[in-house]
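Dropping the structure in here first, questions after.
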Amino acid sequence: MTPARIVAGAVLTLMVAAPFLPLGVSREYTIHVLVQIFIWSFIGGAWSLMGRFGLTSLGHGAFLGIGAYTTTLLWNFFGLTPWLGAVVAMLVTAVFAVVVAYPCSRFQVVGHYFGLVTLAVGEVIRLLIVAERDWTGGSLGVTVRPAGHDSVLAMQFADKRVFYYAAFVLWLAGLLIWWRLDRSMARSAMEAIGEDETAAASVGIRVSRFKIGITVLSAVLTAVGGIAYAQYISYVNPDTLAGIGVSLRIVFAVVLGGMYSLLGPTVGTALTIALAEYLRILFGLKFIGMAETIYGFLLIVFIIFLPAGIYGSIRDLLRRRPAALAAPAGTTA
Amino acid sequence: MIDPLFLTEAAINGLLLGGVLALLALGLNLIFGVIDIVWIAYVDLVMICMYAVYFLVQVYGYPMWLGGIASVALGALLGVAVHVLIISPILSSAPVNQLLATGGLLFFLQSFATFLWTTDHRSVRLTLPRLEILDMPISVARLIAFALAVLAMLGLYLFLTRTYVGTAIRAVSQDREAMSLMGANPQRVYVVTSAVGGAMAGLAGALLIIQYAVHPFFGAAFGPITFMICVLGGLGNMVGAFVASFVMSEVIAISGVIWSTEMGYVIAFVVFIVMIFVRPGGILARRS
Amino acid sequence: MLELRAVTAGYGAFTALWDVTLQVRAGEAVAVVGPNGAGKTTLMRVISGLIAPRSGQLTFEGASIGGTPAYDIVGHGIAHVPEGRRIFPGLTVAENLKMGAFLPRARRRFAESLARVYALFPVLAESHKQRAGSLSGGEQQMLAVGRALMSEPKLILLDEPSMGLAPVMVLRLFDLIRRVREEGYTILVVEQNVRQVLKLVDRAYLLEVGRIRTEGRAAELAEQDFVRKAYVGL
């Protein structure tokens, strides 16, 4: 049992036990925040699947929106259980992701250009939702029709703790997917990330397909995250589930935490949500806008001074220590 | 059938709007073409300048032409500030970090504006003569804005092609390293470019405040359209952006009359998505 | 004029040059030859300031230039004609030459320099309004050299000038370089085309895997086996 394993075990036990710990009045609130952290970490992890390959999407809000609105509207208007609605949503999201990813990968749209394209796409979805206000509720959003009682079929439960464990499982599933992908994709990913000059013909085709595939996976997982959030909050709104704001927040959390590590998105999400909540409590209803201003300011500062993210920076620091101890004997020719 | 008069009026309004949108798109493209960074918060800088004009003209009573000049100057200053404080430190960072930095600026500006001035809409009321051409009411404010925008773009064109600094800016956008071998400090070229881009934002701000009300989330309304125009025209392609501005504005204006304003935006966006699929390099891109 | 002493340089974790020592005296024409990947381009980039050396000294006319950024080194009188020419494709020939005279002191002598370049390369005078991107490879190379001359340099660095040019063009080009040299410029040229370049220069260095292996007078080196065997053609 290495110390790392013991710590991990302890943290996990704490997470499992959290809803039953005697936290008194603040228990509901703590669980609420933790559920959000689990769900958004899951979404962040989904984003990082693309982010680590230079596909910096600033429009993941689109997938959140498509996911959440599809299930909610299908349930509200047709009584279709969100479980099946989710399947529909995932299909729609997948198709949409291919439509966006295909031309981008064929013409090697990456970096800033890709960010801009996805940004615009994200806004398309948001504006579409607002424009079709007759059945989407426009910018006021729409509430998930209450089933009236606890129902697995409707994914609605009165007790937050059910959502807590569901979100916890979702988060773990996300980690597992990330981990498996990281392992199996290691080799082809290396080729994909590597120079585009090398054997464009054969490797190039694989690179394209890989990029599209990873985009679809990332999009679908994000949609699932959006569905989870919508079911938990019981309300969907184009500003919280689509558009630049939420898209940027996701990216910030992942980059701050560390884009290339398993727990990076989680660390980053936990910190940004904790920060946002802290600022909100601090400023409350006085000085409207100040909390967000400080949030934005801190984000800029972090990006400038901690480019590898918090998790990444700490890891680099820890790595450098043992390397400095091993003395290399002179230069090698 | 829609009254052809309404269609013509819409087409004209689209043209007039397109002029100012072109100003925005060109500013963004200029900065990207030279520095290789997209200022996501560009339209939010416009928003700040709009507030400046509002306060100068509507609240403190200065004449509009002064407000315009002040707006351009403020824009240039803001442009330099953004480059020196935010862009310079991250010039060699990964693209995602660079995008996030200007994204963070977007959050910052929108929230700070909310904090300072609340979400109330503010507008500048100018007393202008009424104009009617062939029974169609034409907003004089829009006409003036269009004319000034076109003049500014002409000025930009002359600056980039006839002056030494302008040619140097074009050279840097084509090969940054080669230009440094000529003795040009890239940082100085970037600062000048940021100032010019910022000045264009400032001018756009002055031209927009006489047509639209400003509020902290103005960038959320005009930003996405500007980005779409840039992508449609091909990022970095100035001529493409110019053409795309008018294409987009006409699509929005005419669809707006046939269906609704929102549908207008939706259709414009759909056109955008289709175009990405067909020609991601932009309207004028050559098929590689 | 130019002196490198024990210069080591590279990119990131990779070291391309090890302990390089060489000199170029005023008025000389010196070549650095070697196979692909020897580090020749890195050498040029270190001298012109695009890369900072990790260790060692670089001096030009007595002034230390190691670590000085490229845009300042031009001011000292070193002009670098980069590998692949790197002319500005969207600008006209005339505009390219204008950019070459970016330095204030070069701008003051712009008219003279331009006349001199047009005299050396009449083809550029004819096509001065043409978009540089539409020129042929040989014309672009001449433009690149002409552009370098506009900055009133003392030393001209030529990185693989014959690359991508037809053999006939290569001969013409080296002829022109000879004429440039006759105008009084000091030349340091890096080339894979060993045979041709040894006919042009006074001295040469052989660079292999980042280290200087041999140096000597061009005529002597041309006799050596390795020149005849290893680097024939191309």
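Brief remarks on what is shown
Order of writing sets the chain letters: A, B and C. Residues in each chain are counted from 1.
Keep in mind that, in the parts below, contacts are C-beta pairs under 8 Å (C-beta built on N, C-alpha and C of every residue); 3 or more make two chains touch, one makes a residue touch a chain.
Note that this is a predicted model, so its numbers are computed, not measured.
By number of C-beta pairs in contact, the leading pair of chains is A-B. Among the chains, the centre nearest to the mean of all shown protein C-alpha atoms is found for B. For the pair chain A and chain B, the distance between mean C-alpha positions equals 31 Å. Separation between the centroids of chain A and chain C, computed from CA atoms only, is 51 Å. Centre-to-centre spacing of chain B and chain C amounts to 43 Å, using the average Cα coordinate of each chain.
With touch defined as above, chain C holds no residue shared between interfaces to two or more other chains. For chain A, no residue reaches two or more other chains under the stated contact definition. Chain C meets chain B in the complex at residues 48, 50, 69-72, 74-75, 79-80, 82, 86-91, 95, 98-100, 102-103, 106-107, 147, 151. On the side of chain B, the complex with chain A involves touching residues 32, 36-38, 40, 86, 89-90, 93-101, 103-116, 118, 216, 220, 223-224, 227-228, 230-231, 235, 260, 262-263, 265-266, 269-270, 272-273, 276-278, 280-281, 288.
By the touch criterion stated above, chain B contacts chain C in their complex at residues 164, 167-168, 170-171, 174-175, 177-186. Note for the complex: chain A touches chain B at residues 51, 54, 56, 58, 99-100, 102-104, 106-107, 109-113, 115-117, 119-121, 123-124, 127-128, 130-131, 243-245, 248, 251-252, 255, 259, 287-293, 295-297, 299-300, 303-304, 307.
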